[in-house]
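Before I ask anything, let me first share the structure, which is written out below as structure tokens.
Labels run A, B and C following the written order; every chain starts at residue 1.
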């Protein structure tokens, strides 16, 4: 098994995980959908990046592209680099790439019931990681599986290791998924909508678990979600995605206090607030564009309250708004003032 | 798991009794409506009553309830079942014990069925996996088209065409070419007791043909569904090799519907065996059933049909249990 | 004039991510919003839309239509009288005026094959209709009322299920003397009603668990209303698919039984009989007597299966 340090391009001071102008497209019967368009972000050990946006904006496709598990066909990575400490994962041969999965970069999926194989015990699916990647024996794998279940807070791990996924509650299943992701001590953990399918109370527990684990191991954590509340709690930096592009990047406090992009601004406005009385819900008018027919100019302009003539023609680049802040809007200064 | 099996058994027993009674009732009704089969043996002649009575007793046809149309003849039913349990299956109209007939014919039918099953497993699952993995490729279209076509051909048509094509045309050609005897045995038109397995090869494959088509379609669909399943994505994200992802994770889930199909398959094999053995003149149980039914030999019909139905029901029970083993979700419902 | 494109020409808002779709399924999200204008269409209207554009469905429907016309109005297909036979020309190979050759009795084989469609197809239609009605009835009753009604119906279907088809047919036929179309149909119905009953039962049970049925119940809808307005239209799809395929299966079944000698008998003309006779003479080189009836049988059954497949794909909501 090749160590990351031995691979070409390894640079111990490069960002832990850096996505650089990544593009992914899906070639379907109805046309080519540009699901991810030159997306760039990075995350370092101990940091949590929140990737937010509505369904279909390309968040999951980005995560899958980082792992290299995009359904292909119809999906294809068409450009960019994914650098792990400087090593471009996309340029690796499949065998080496495969070894980085779960060892260096791991992912937790949204719906643990369908993401776990229903016909194998939880112990089998956990032990599998050790047996396949570390050459562990069956007994050793089992031991490690029990340890992991303990770690993520599953009571009575010794006997639960022989249970099947459908025998766990939703929250416990998600813990199992997290255990699977942590098994080989990865450097980066990507959590794709980890709490969306869960009750609010369980959500909090899962988030706490993720944060604890991250702190213990000094991992980089990428939290993908459409839930602004989750993001506020758990993240250091935020990247907002819309129609396949990053439209704003900033620290979490900046985003909430003072957004620099109309989309973020509209999103924050649309959160119902208990303290304000009798207001109509401020929803964002219209719908996101079809990814096979993205309008010219800024993709948000048809729904944007700040839109001008220029927005229909010029696709805004990511302007530098401040220290470590970027916004893809021509009129970002106006948004800041609002 | 134990509770699951117990539940299945509990459902199994009344169904078995019901089926046995249905068979009994229908055949009794037949005798009641169509008249005394013993009498029918003699056609227009009228032997002395004592002879008729003696024969009736021999064939268990002497119960007076058989003269009242509609009488369910429960006493007769109970008697017969207890006889069967003791291994006495009655005698046919030529005085041969049915049990002996069956004993001689079972091995032959068993061979045909085994060949059919192996064909189904190898070609059926193999083709299905191939088509599923290379979806929309040339292999996929070939498999889909040929399986649809094969399903449309009734077993007897296939048997007849194959028999004439391979048996007659190919067979005579091979004989003229003085081909090695094992090759000739394969393509002979009928059963050859000196080359038991070889001469049954083609009839066995004909018997399995319909199921080959069904299984390949089933495997293909199942594989495609599971290939895109979320848990497969997870397996890939775990960095497992492609071979393991497909071989361990996908395959096990994909085989579940195929196993369920085995229960139905038992029915197709039983039906098909009757037809195939008839066409290829194979001295098996299928042929026995068919002859008995067309000649109206009541004791034989009842005995053979009873056994066939029992086998079918037992196979289905075993398939249910196997399904529970493969899919743990079923065990707890 | 540079018009910004209108949002909302995608479909109805399908942004809610439901658990079980494996996260945001970008691929299907794209399909839902891309291209087609979506109006409010019922499952059946959607199905009709897809079917009309499906080449397999069109081809198989045409074949089925052709066979049906052969059944109803055979004279459209041939002027020759199938019973106009000349014994001296027995088993003659195909020739001018007699494209399929002649039968054992010297009758025109083509005409016989055309006229032979009738008994086979009539039986298939009768049996399919009867089993569909019985299956729908018993399946719905069993699923809707549950309890002992379900237990009784289920055990009875299990018992009949235990009789493999030909075994059962042989058994039934040794009871009945007559081998008319009605007798054979009755037997096939007795053997086949269980299949659709089970399917309908499963389908109704699945629909009953849906929220809109519970809502109807909560609103005080009567049993009859729930059954006819909510359950039947939605649960009937699998029955429609299987019935279509069954039409072919019953044609095949009748031919099989007739071939074995326990189905229809001469002087009835049917494909099964023609094949049975043809088999014997094909060995002697008169292949036309076997091949043509076989071809018609295979093509007919194939057409029904293809139609059924197309229907199933069109009616499957998961493939939308």
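Note that a contact is a pair of C-beta atoms (placed from the backbone, for glycine too) under 8 Å apart; a residue touches a chain by one contact, two chains touch by 3 or more.
A quick note: this is a predicted structure, and the numbers were derived from the prediction, not measured.
Colleague: Pick the pair with more C-beta contacts: A-B or B-C?
Modeller: B-C
Colleague: Which chain would you call central, comparing Cα centres to the global Cα centre?
Modeller: C
Colleague: If you average the CA atoms of chain A and of chain C, how many Å lie between those two points?
Modeller: 49
Colleague: When the C-alpha atoms of chain A and chain B are each averaged to a single point, how far apart are the two points in Å?
Modeller: The mean C-alpha positions of chain A and chain B differ by 54 Å.
Colleague: Indicate the whole-number Å distance between the mean C-alpha point of chain B and the mean C-alpha point of chain C.
Modeller: A distance of 24 Å separates the two centres.
Colleague: For chain C, jot down the residues that touch at least 2 other chains.
Modeller: 22
Colleague: Would you give the residues of chain A that are in contact with at least 2 other chains, written as numbers and ranges?
Modeller: If we look for residues of chain A contacting two or more partner chains, we find 71, 109, 111, 114-115.
Colleague: Chain B: which residues touch two or more other chains?
Modeller: 230, 233
Colleague: Report the residues of chain B in contact with chain C in the complex, numbered from low to high.
Modeller: Its residues touching chain C are 11, 14-16, 18-19, 22-23, 26-27, 29-30, 33-34, 148-149, 151-157, 160-161, 164, 168, 230, 233, 266-267, 270-271, 274-275, 278, 289-290, 293-294, 296, 298, 301, 305, 308-309, 312-313.
Colleague: Within the complex, which stretch of chain A touches chain B?
Modeller: Contact set of chain A toward chain B: 64, 67, 69, 71, 98-103, 106-107, 109, 111, 114-120, 128-129, 132-133, 164, 166-167, 177, 180.
Colleague: Chain B touches which residues of chain C in the complex?
Modeller: Result: residues 22, 155-156, 158-160, 162-167, 170-175, 177, 248, 252, 255-256, 259-262, 275, 279, 282-283, 287, 290, 294, 297-298, 301-302, 305-306, 309 of chain C touch chain B.
Colleague: Of all residues in chain B, which touch chain A in the complex?
Modeller: That would be residues 228-231, 233-241, 244, 249, 252-253, 256, 326-329, 332 of chain B.
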